[in-house]
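The data blocks that follow each hold one structure.
The two complexes that follow have chain A in common; it is paired with chain B in the first and with chain C in the second.
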Partner chain A sequence: MDLWRYEVRRAGWAALLTPPVATAALVLVALLDGGADTDRTTARNLIAALEMAMPLAAGVGAASLVGRDPAVELQLTVPTSYRSTLLRRLVVTLGWAALLAVLVVAGLAATGWWERWPGTHGVVAGQLVWLSPTLCLGGLGFLAGAAFRGPAAAGGLITTLWLLDQVLASALQEQYWQRLLYLFATTRGAVPGDWAANRFTLLVAALAFGAVAWLLLGRGERLLRGEAE
Partner chain B sequence: MNEHILEYATGALDDTARAEVDAHLAGCAPCRADVAAWRALGDVRADPAPPGPELVHQVLLRSALGGPPLATRRPAWFSLALLRAEARLVRPAVPIASALVMALGVALAAGQGQAGQILAFVAPVVAALGIAGLYGPRRDPAFELVAATPTAPGLILLTRIALVFGYDLVLALAASGVLAVLGADPGGLVAIVDAWLGPMALLSALSLVLAVWFSADVAAGVAVVLWSLRVLAGGFLDDTGWLLGAVRVVWATNAGTVLAAAALTALAVFLIGRGEPIRRHGATYPS
Partner chain C sequence: MSAAFRYEFLMQVRKRSMWVAYGVIVLLLGLLSFRTLGDVLHDPVAKETVASIAFLVNLILPVGYGCFLADRLVRDDRLGVAAVLDATPASTAGRLAGKYLGACAAAAIPLAIVHFGFAGLYAAVAGRPVALGWAVALFAVVIVPALLFVGAFALVVPLFVPAPLFRVLFVGYWFWGNAIYPGSMPTLSQSLVSPIGGYPLQVMFGYPGGDVEIAGPVPGALLNFLRPEATTATAWLSIGVLLALAALVLSAAPALRARTTR
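Showing the complex of A and B:
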């Protein structure tokens, strides 16, 4: 337990505050700045806070995990492997985002907003609204951090992919494989029959990203070279 | 016997031991010399007298007549040498990833007729994230040495801004030029550059102040959150009210944006080096 508490402290306030702040910003915009929006649009925007803000915050947080230890050579000499330590930090980062997401879903369900958007899939299956894209971008962020060995480049990649999914929302619906990998299938108009396959594909992609990152992080000398540059 | 010589010379031995040393000294010339040397060393009367007030008078007089000390000027090539030295510290992954991300965005968007918009959304956040990791303990593992260097922290910061932001600026200009030549955006080169220049400067400057004031993580987090709102305001949340309308106005290229970016950069240069190192994450201890 002490170890996990230490990892939470090690994550820092920024990593812990970014998911709630990002989600709260979108929730507030949806509730306070609706303009001429109908209830249905407001409900969609609230669910979009889960599907869009949470994955971005978790992905950027996961991308910042590698390269934050000033004395990585010491981490590599302790009996616990460094990639296990990084994996624990990833669990802390994604777990915190997941806890917040569940609380937001509970809040939306309790206030009736969850049911007002016809694209939702019940409270239990609907957890995939945020879970699949969050794990996918989190896993990709972790992999990008392992590959680039620095948060700036990895965070830039995650943010750019998120941006492309936003700007090219219509274009990414044309091909079946694009629809399977699209991050915002719930709130940005995916073909209804593809939703479950899309969520499943994103989960599989997350596992694949995590596995490749695990392999990359097994080569400790890469991390040392990264620090020396 | 050597171990008793100092005590004998200072009179710290008891009678029995002193008698033994006396007997030894009678037949040992080197030890007698040692005793004499220790006694000479301990004789305060042999010390030179401390300087009197006339010394202070002479120093003050010389200082008054000699004029101010000559100012030391850095050689003309110092800035260039500093730029080269700092360029060696930039991790290759950062410029490579920036170029890849920019190329990826433009290549994917070129066929969609939205190339200018993609560039306008990608360039600012790529620059802001690069700027966030520009200075501080995470960037410099031996940050206490950087903070103690004779080169002013502000100068180091400005040099790094010139390197990282300058690189991203050239990259975005090159991408804009390519898109304009390909005719991927109907507005032409000026419209493409206008779409990203102001937001890129303002978001980078904001990221810089937060990185200097707080940390790279805070700077990156705030930049990502603010920019995601801007992106959503331009598309997904297009029908919403005054708040997102204001967001679209703020993130544009105009005199106000440029002035705000310049003011924030000046604030960052002012703030740099003014904080105690211990307030910085990992400056003196891993926290």
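Showing the complex of A and C:
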């Protein structure tokens, strides 16, 4: 328990601030509609803020875990394996985003906005609106951080993928495999029938990314070389 | 300044992770645009085709290099070498300029490979060598100003906003300030300060053509005072404004560094 408490404190205010700031920014954008939008569109924009902000914050957070310890040599000598420590930090990063997401869903449900967009699938199954893309981008960020041994390139990859999903949204709906891997299927997906398969695929992808990252991090000597600067 | 430039450039260019990340991004872009690639490569209008390539490069890749460059200035402090560098005879301003230009020059190499690679492929397939000339012009007036603008912010903002938070905010800003249609919400896109280069693309290269506009006033949109009519003069003004903002942001770096390292 002490270790968990320590990790939460070590994460720092920047890591804790990122998910709420990202969500607040997108909620603000969702509400800046010039008064022309219908309730249904505003509801979709609010849910889109959840579906888009959480994966981005969690993905960049997860991508920033490797390569920032000033004394990895020391970490590698202690009985707790370093990859367990990194996994604990990943859980803290994703857990904080998840806690915030549940609170946002509760807020939207309490104010009635959640029901005004028909693609949310109720409050329970609807948690997959944010959970699947958040775990997927979080897992990929963790893997990219492990592969690149530093946050710069990993963060660049995650943010670019997020942007690609935004600007090429319609092009990414053409084929079935693209729709399965599309991050924002709830609010920008073209085929509502593919939603459940899409959410499931993203979860499987998240597990696969996490497993590969776990294997990569098992080779501690890779981390000793640090990031090429 | 030249020594800082050389070392910063070499450090960035030798960063294998940057090349791998760019490789993945370009592979994905190629995969997603594979079906339309055939039509693009046989388009007879060289200027517009190469402009469309520059537009895509300038829409997607700045997010990547903005994130790559986000740790360049703060890492001197993180590694504990800032104080040693400050003790050298080299001036602070010279080192900062060298670091900034070196990092931007290194970030320009992958951009140039992608941009001139596609332009060269088009020139060869369509039999239009003039495309390479247009590619050089587009690189100079569209891609480089965006790089210098983003580079300045990416170096300086992480001095007071932690790098991960900067990356998240930067990609959000990039999408909001460049890709959102101004009629749907208040945004900086299509304005003089939009680094995607809508003014030069539209005025100098006829992109995107037809009735579609990516620069200039939008009826009913907020912030239209930042969107004068798109003319050659306003296109140059847009480039000038971007470079002036970059210089302004960079000039704040020494004071910010002094505050954070105190």
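Quick notes on this one:
The working rule: the second predicted complex is superposed on the first by the 221 of 229 C-alpha atoms of A that agree within 3 Å, B and C clash if a C-alpha of one lies under 4 Å from a C-alpha of the other, contacts with A are read in each partner's own complex, and residues count from 1 in each chain.
Criterion: a residue touches a chain if its C-beta (ideal position, glycine included) is under 8 Å from a C-beta of that chain, and two chains touch if they have at least 3 such contacts.
Please read all numbers here as calculations on a predicted model, not as lab measurements.
With the C-alpha superposition on chain A as described, chain C and chain B clash in the combined arrangement. By the touch criterion defined above, A:57 reaches both chain B and chain C. Within the superposed three-chain model, A:29 lies in touch with chain B and with chain C [touch as defined at top].
After overlaying the two complexes on the shared chain, residue contacts for A:169 are found with chain B alone; chain C is out of touch.
In the superposed pair of complexes, A:155 makes contact with chain B and with chain C alike. Contact with chain B, but none with chain C, is seen for A:188 once the two complexes are overlaid on the shared chain.
Looking at the shared chain after the overlay, A:127 reaches neither chain B nor chain C. In the three-chain model built by superposing on chain A, chain C overlaps with chain B at stretch 206-214, while the rest of 8-16, 44-52, 206-214 or 278-286 show no clash. Applying the stated touch rule to the two superposed structures, the overlap between the chain B and chain C interfaces on chain A comprises residues 12, 14-15, 17-18, 21-22, 25-26, 29, 32-34, 56-57, 60, 64, 148-157, 159-160, 162-164, 166-168, 171, 227, 229. Taken together, the chain A residues at the contact with chain B in this complex read 9, 12-15, 17-18, 21-22, 25-26, 29-30, 32-37, 41, 45, 48, 52-53, 56-57, 60, 64, 67-68, 70-71, 148-157, 159-160, 162-164, 166-169, 171, 187-188, 226-227, 229. Chain C makes touch with chain A in their complex at residues 11, 14-18, 20-21, 24-25, 28-29, 32-33, 35, 59-61, 63-68, 70-71, 75, 161-165, 167-172, 174-176, 179, 184-186, 222. On the side of chain A, the complex with chain C involves touching residues 12, 14-15, 17-18, 21-22, 25-26, 29, 32-34, 56-57, 60-61, 63-64, 144, 147-157, 159-164, 166-168, 171-172, 174, 178, 227-229.
For chain B in complex with chain A, the touching residues are 91-94, 96-98, 100-101, 104-105, 108-109, 112, 114, 117-118, 121-122, 125-126, 129-130, 132-133, 137-138, 141, 214-218, 220-221, 224-225, 227-229, 231-232, 235-237, 239-244, 281-282, 286-287.
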